[in-house]
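Right after this note come the structures.
There are two complexes below, and they share chain A, which is joined by chain B in the first and by chain C in the second.
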Partner chain A sequence: MLQRKICMLGGFGVGKTSLVRRFVKSIFSETYLTTVGVKIDKKSVELPDKTVDLILWDLAGEDDIGSFRMSYVKGATGLVLVVDGTRPATLSVALTLRERTEAEFGALPCVVLFNKSDLADRWALSASEIDETKQHGWPAYLTSALTGEHVDDAFRQIASMVVG
Partner chain B sequence: MEKLPDEVRSWLYNYVYTERYVAYLKIDTDLVVAQKGGKLDHYGLSSLRIGKPVAEQIELMEGLLTDIELPLHMPMMELPNGQVADLHLFDGNAGTWVLFLDATAERDNQQRMQQKAYEMTLLQERERQLNEALLETNEALRQTQEGLSREYARSEALLLNILPASIAERLKTQEQIADNHSDVSVLFADIVGFTERARSVGAEPTLAVLNSFFKAADQLSEQYGCEKIKTIGDCVMVVAGLPVARPDHAKALANFALNIRNAGGRLSFGGVPLRLRIGIHSGPIVAGVIGKRRFAYDLWGDTVNLAARIQTSAEPDEIRISDATHKLLGPGSACDPLGAIELRGAGRVEIWRLVA
Partner chain C sequence: MTSTADPISLFQRAASNDTEIDREALASLLVEIARNVDPYYRATFDGVPAVDPRMETLRQLLVGREISELSRISKLLDEPEQLAAALGGVLPSATAQSSPAQLGEALAPVVERAVQRSIHKNPQNLTQILYPVFLPAIRKSIGEKIDQTFQSLNETLRYIFTWRGLKWRIEAWRTGTSFAEVVLKHSLVYRVEHVFLISRNSGLLISHLAAEDATSEDPQLISSMLSAIQDFVKDSFKEKEQDGLDAIRFGELRLWSEVGPFATLVAVIRGNPPEALHEILRDRLLHIHAEYADALEAFEGDSTRLTGIESELQPCVGLSQEEYTQGFPWLLAAAVLLVLGLAGGWFYLSWQASQRWQAYVARLQSEPGIIVGEQQRDGWQFYVAGLRDPLAVDPQSLLAGTQLEPDRVHAQWQSYQSLEPQFVLKRLIASLSPPETVQLSIADGRILAKGEASTAWIGRAQAAAAQLSAGGPVFDTSAVRDLEKRDAERWDAYVAGLRKQPGIIVTEQTSSGGQFHVAGLRDPLAVDPQSLLPGTELDPARVRSQWGPYQSLEPEFVLTRLMLSLVPPQSVRLSIVDGRIVAVGEAPAAWIDRARAASRQLSAGGPVFDISKVRDPLERDAEHWQAYVSQLRGQPGIIVTEQKMDGDQFHVAGLRDPLAVDPQTLLTGTELDPARVHAQWQPYESLEPQFVLKRLMASLAPPKSIKLSVVDDRIVAEGEAPISWIDRARAAAQQLSAGGPQFDISKVRDVSPEVRQAERWQAYVSRLQKQPGIIVAEQKVEGGRFYVSGLRDPLAIDPQTLLSGTELDPDRVHGQWRFYQSLEPEFVLKRLTSSLAPPKSVRLWALGDRIVAEGEAPAGWIRRARAAAEQLSADGLSLDVSKLRELTPLELVHLKEAIQATGIFFESGKPLPGPEQEAVLDKLAGQLKEFAQDARKAGVTARFMLTGHSDTTGREMANLSLSAARAETVRALLKKRGVDPELLLVRGAGTFEPAEPENNKQTGSSANRRVSVTVNFD
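So, the complex of A and B:
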């Protein structure tokens, strides 16, 4: 049985829990419910040559990065960085969290999700800021947990990266 | 460590065991479940089998036990069955103990507080963004307004170049303007031998001299309170007594005539001074604006036609005025009588020469 632990990282309110719910259960709720600690979910992903069970660790998005609990990331094989496209400051939060996991556990495969793409009129990130993350070799996606846009694509991408 | 009395130990044990749903596993060095016990069913783990790899049975254990530093505390983990547990991992004899303690109450408490705090922060961020957007919109609006007033001022200035100010003002609210003016004086002045001279000196010097002539007409109109109505080829039409009526309109236009003649004399056209024929007549006219896209303020009436006829009959450097204008000028102006002269389309008309 092929099983991989993936951690969702990002500031609070960027949509980590909503993205997991959209991916695992195909549902979305407008109600914001903050995550405390961590939520564990599982979803099978069929890749061309094999099936992998992603164990998704949906980590609380801390207000204060200093209080981020690194022990949750132990054993992870890949990261899903989530940024709120309507709040530019959440980009640096996601990047800082990734750097800290790298210092502790080494560089892990990761994808970057620029979430809330349905809120086009409030979008606050430029194309160049999004391209910059691609320069690091991290696949980037404009996602919406509300419409489901590119959500499956992004999770399938990290799945193929961690089994490869 | 202080040794607790047996009764306290026993109470504590029962309290923690029931209140926090204690469950435990022991995992051997091959990452296989070696022992289990406590309230595993509370965490959805009742079917856990001894002798099988732990990660296959409990997903969250995936990757966790390789190169692990113990003890490890992972608080408030929401398990797939919805229960929340604090996980404690610590070293045992030939294996690792994994302890589950229920943390639902603590998690819910913390979530309530955090929910309020984050919602507040998100609202404040949103408010700041909206304020910034509002400021940007206001700035854009202000710039558009500035541009508009610049455009307005420009078109205003252009309009004033071709229309008297009071007419331009009325034109903004009125579609058509046609006013009767009972008492005005009308002047025509043209350049003697213009067509022949223009042919011999060429286009550029001709335009230059026309420009000087009309500029002089503009400047003198302003000086003597007259309105230059239009230019037709080398001919200029000037009126006094409108748009605002004035009793001395004939006098004003006579002064204009004497001065434009002198100004012409100072201009050189093909090496010789510019000479003018000037005619003036006084009476009632109709003034108005015709056209919709290209405005033209113009005058109509017999007074206008007769002024033009008198002008055509004038000799070079001569200012001819009608009897009506002569009467208005009174004794203050020096005039020579020329008698009744036959004018085309007007019959015999009493004419005077304005001298000074």
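So, the complex of A and C:
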């Protein structure tokens, strides 16, 4: 049994929960997010040589970064940053959260999900901003919880990053 | 070098600020330099001078700074306060730099002592300091202990009294272990269903084992969530402890976790685990840590390095204590119970029916008129036979309350007549049918008849009583009264009453068959026989009467008839005296004539009618008139010439001397109406001696020394008189007409002037002596002059004024009077009256030797009167002031009350009353003026005190001045309305005389913002 703890970080309403709801195994209700502040789900990813269970800690999206429960990140081996493509501010929220985890627990493998790619008409992020993340070495994906675009790719990517 | 001027020894002496310089060396050095430099010095000074200022200067130049620095430091060391300040500055850094071990060793005893001292002095301080440290530790320790205790206590209590408990006691006794152990062994029913081993770092699942048939959701998610919840709790409540959650409980399910350095062991337990399970889990976790410490620490999600760890967990899973159960033969027990229940039910029903039957039979036997001869039960059928009186209760009806089914009861009854009293009674009632007036009852086994009945019924009843057989009860009819006999008695009583009635003569009376008849004579004026009936209880319908009218000659009837026929006037009263009819009073002659005729008409057998005491008023008046006239005729100086009666008017005429008695006065006592008497009198001079005497007395005014009297129709004058009077008397005697009586003055002597004067003097002196307030000490007559001396109260009558009328020549009278104060009450009274000047309403008067003051007076006057009374009491006199009342006439009292009830009210903080107070002020002004006037009339001055008040809002001083300002304002407003300001006094009472009390909670009472008025008298 191979498993990894992955934290999903992102601002309020970026669609982390929607991503998770659609593509992962979940036994806990979403009320955990508002009560305990975290909801735990599992995504099994088949890698060429092995299967890894990603234990996804979906941390409650908070725009108030001060109330972020850093202790939930402890022991994580990778991060999934989720950004709402229609709201540029959520990118800085995601990056700030990442910086804080780095300050606390050191640099962790990371992928960035620019979510809500189905809302092309309201897309507000420039290609350069997306490229910028890539230059940090963080793979970036334009995802859509609605269509499922690139979601599996992203989880596969992080899985390969944390196992490798 | 001389010894006296050795410079070296000189320097060796210590200076005031010794600096431990080698003085000797320095001195020799300096001297040497001096010598070498200046030969003159060498020649002049054999040594060094005693004090050389240059030396001192040199010294200052060389070491002056060091000296001052040294003195500062030495002062610093000598002064404790400065030293402390200096050390305080360096102590913290010195402590920090010193070796911790050495410092700790050095300080330990001091700190211990300090702590001991601190605790000794005030333990509270240290407690407060340590409180945050030891409280959580204590709390946790105690909490766990209590948890354990409670659990074991609960279990023990649960089983101590049950069947199972008993069984366990036997087991404990049998195996030789303690009861508690046995209880624990059996009572804690639980099963460990899951065991999770979770990485403390990441919350990832290291290993999971589940018991057989235990299910759960994905253990990976559960373990992560558990660790998330642990984090959540830790963050939320800021718990810093290494331990995670000890236990989570959800209904029957418990999560017990044991926390190790790298991994947490979580057991999911269903049931009630013993505390010892904690130990087992802890041991297991310790063991795992010991075995796999490195692998656990490095765990990141790859469990390949931890193969075999599951076997370590194996002992934990399935740890359980199953409930002890043993098969019980339920079916057999149920069957036995059913059979027993049915049999018991049948027996019970049968027994119950028997009980009910017996109760019924017993009740039948106790019924009067029923004799149970035989009774038996055959299965569920019941039989009874016997005798029954037809009048007894129906046995069937008794079944109703017994719950016996009537269909199963078979009875056979023979009729008989019971001789029990109640049955005999019933039969008697049926056969005799007693009237309503008769009550039959049973008493002591006998039948009693009470009441009233006809003779016939009584006869039947007695026959029935005789017929009752010997064995039956006695029927007693003696208490029944015969109605007919009673009526006959009543009739006799009625007739006897009739016979006694005056004016009623009973000639015949019969009674038969309940009918009564009476006949006779009856005066119509006699009582109505019918009206006598109601008292006799006889039925009027059964009484027939026949009365023949007749005139009774009994006096009262005759009297009544006379009253009706004669109609006497109110002034006449008729009455019966000794069988005679007597008329008394006054009546006109015509009535008297009719009465006389009636008297004669009365038949011989009747009573006498006596009218002799009835008089005619005219006749009586005539008698009175004649008596009056004859009385007039007997009067001297009155001559009746004519008199007559004309109807009820009386006339008299004649002569009357003016000195004669007034005829009118003679009328009183004659019972004649003066209005009906008409008199005509001609005046004339009577020559009768007594009239002449009177006229002489009037005309001559004889002196006292002369006495006139009538002697044998002559008028005789006797005594002494001045010659002038004697002359006048002689002239009068001559004037007397010839027909008159003789006036004899021959016996009058002439008196001498000296004698007369002396007499007059004596009369004067005796008069003086009688005067109150005058004490005559001496008096004499000398050479035609009169001397008198003595004491005289200034308030006594002036002796001079007494001279007038004495005919003494005042010029010849010499009085010598010395003043004194008489203590006779009347003088005291006078003096008091003049000094106290009592008001009109006070009366002073002498009562015996006391002076009494009575009445109403102003208070001031009463005070003065009391003071005077005290002064008088020193002289042995008393002035009684107890009857004095303070002057408050009634109308003034009412007005005073009205004024004093008035209040002028103000707004808060205002000295001026509101416009709504105008009317009050107008009315008050009118009352004050009226009062002042009335008081003045009563001789007193009324003054009015205007007192200002305020509520308690604000400062006391401000309230006081506000209250005074209010009173002043009201005074000005009253003055404006015409009240004399002299009578108005003003004061401010502030808050001290509130109309209604105020307190802290309630201030600003509008009733207290006022000006009140009080009335006083001067």
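We adopt the following convention: the second predicted complex is superposed on the first by the 152 of 164 C-alpha atoms of A that agree within 3 Å, B and C clash if a C-alpha of one lies under 4 Å from a C-alpha of the other, contacts with A are read in each partner's own complex, and residues count from 1 in each chain.
As a working rule, contacts are C-beta pairs under 8 Å (C-beta built on N, C-alpha and C of every residue); 3 or more make two chains touch, one makes a residue touch a chain.
Predicted, not measured: the structure shown is a model, and the values here were computed from it.
Residue contacts after overlaying the shared chain place A:13 against chain B, while chain C stays out of touching range.
In the superposition on chain A, no contact is made by A:120 with either chain B or chain C. In the superposition on chain A, contact is made by A:37 with both chain B and chain C. When both complexes are overlaid on chain A, the residue A:47 reaches neither chain B nor chain C.
Touch criterion met: A:71 reaches chain B and chain C at once. In the superposition on chain A, contact of A:87 is made with chain B only, not with chain C. When the two complexes are overlaid on their common chain A, residue A:25 makes contact with chain C while staying clear of chain B.
Once chain A of one complex is fitted onto chain A of the other, the partner contacts of A:3 extend to both chain B and chain C. Applying the stated contact rule after C-alpha superposition, one finds that A:103 touches neither chain B nor chain C.
Shared interface residues of chain A (contacting chain B in one complex, chain C in the other): 1, 3-5, 32, 36-38, 40-42, 53, 55, 57, 69, 71-72, 74-77.
Contact residues on chain B toward chain A in their complex (touch as defined above): 55-56, 59-60, 62-66, 68, 72-80, 84, 103, 107, 110-111, 114-115, 117-119, 121-122, 125, 129. In the complex of the two chains, the chain A residues touching chain B come out as 1, 3-5, 12-13, 32-34, 36-42, 53, 55, 57, 63, 69, 71-72, 74-77, 86-87, 122, 124.
Only residues 199, 201-205, 217-218, 220-221, 224-225, 228-229, 231-232, 234-235, 300-304 of chain C touch chain A when the two sit together in their complex.
Against chain C, the residues of chain A that register as touching in their complex are 1-5, 25, 27-28, 32, 36-38, 40-42, 52-53, 55, 57, 69, 71-72, 74-77.
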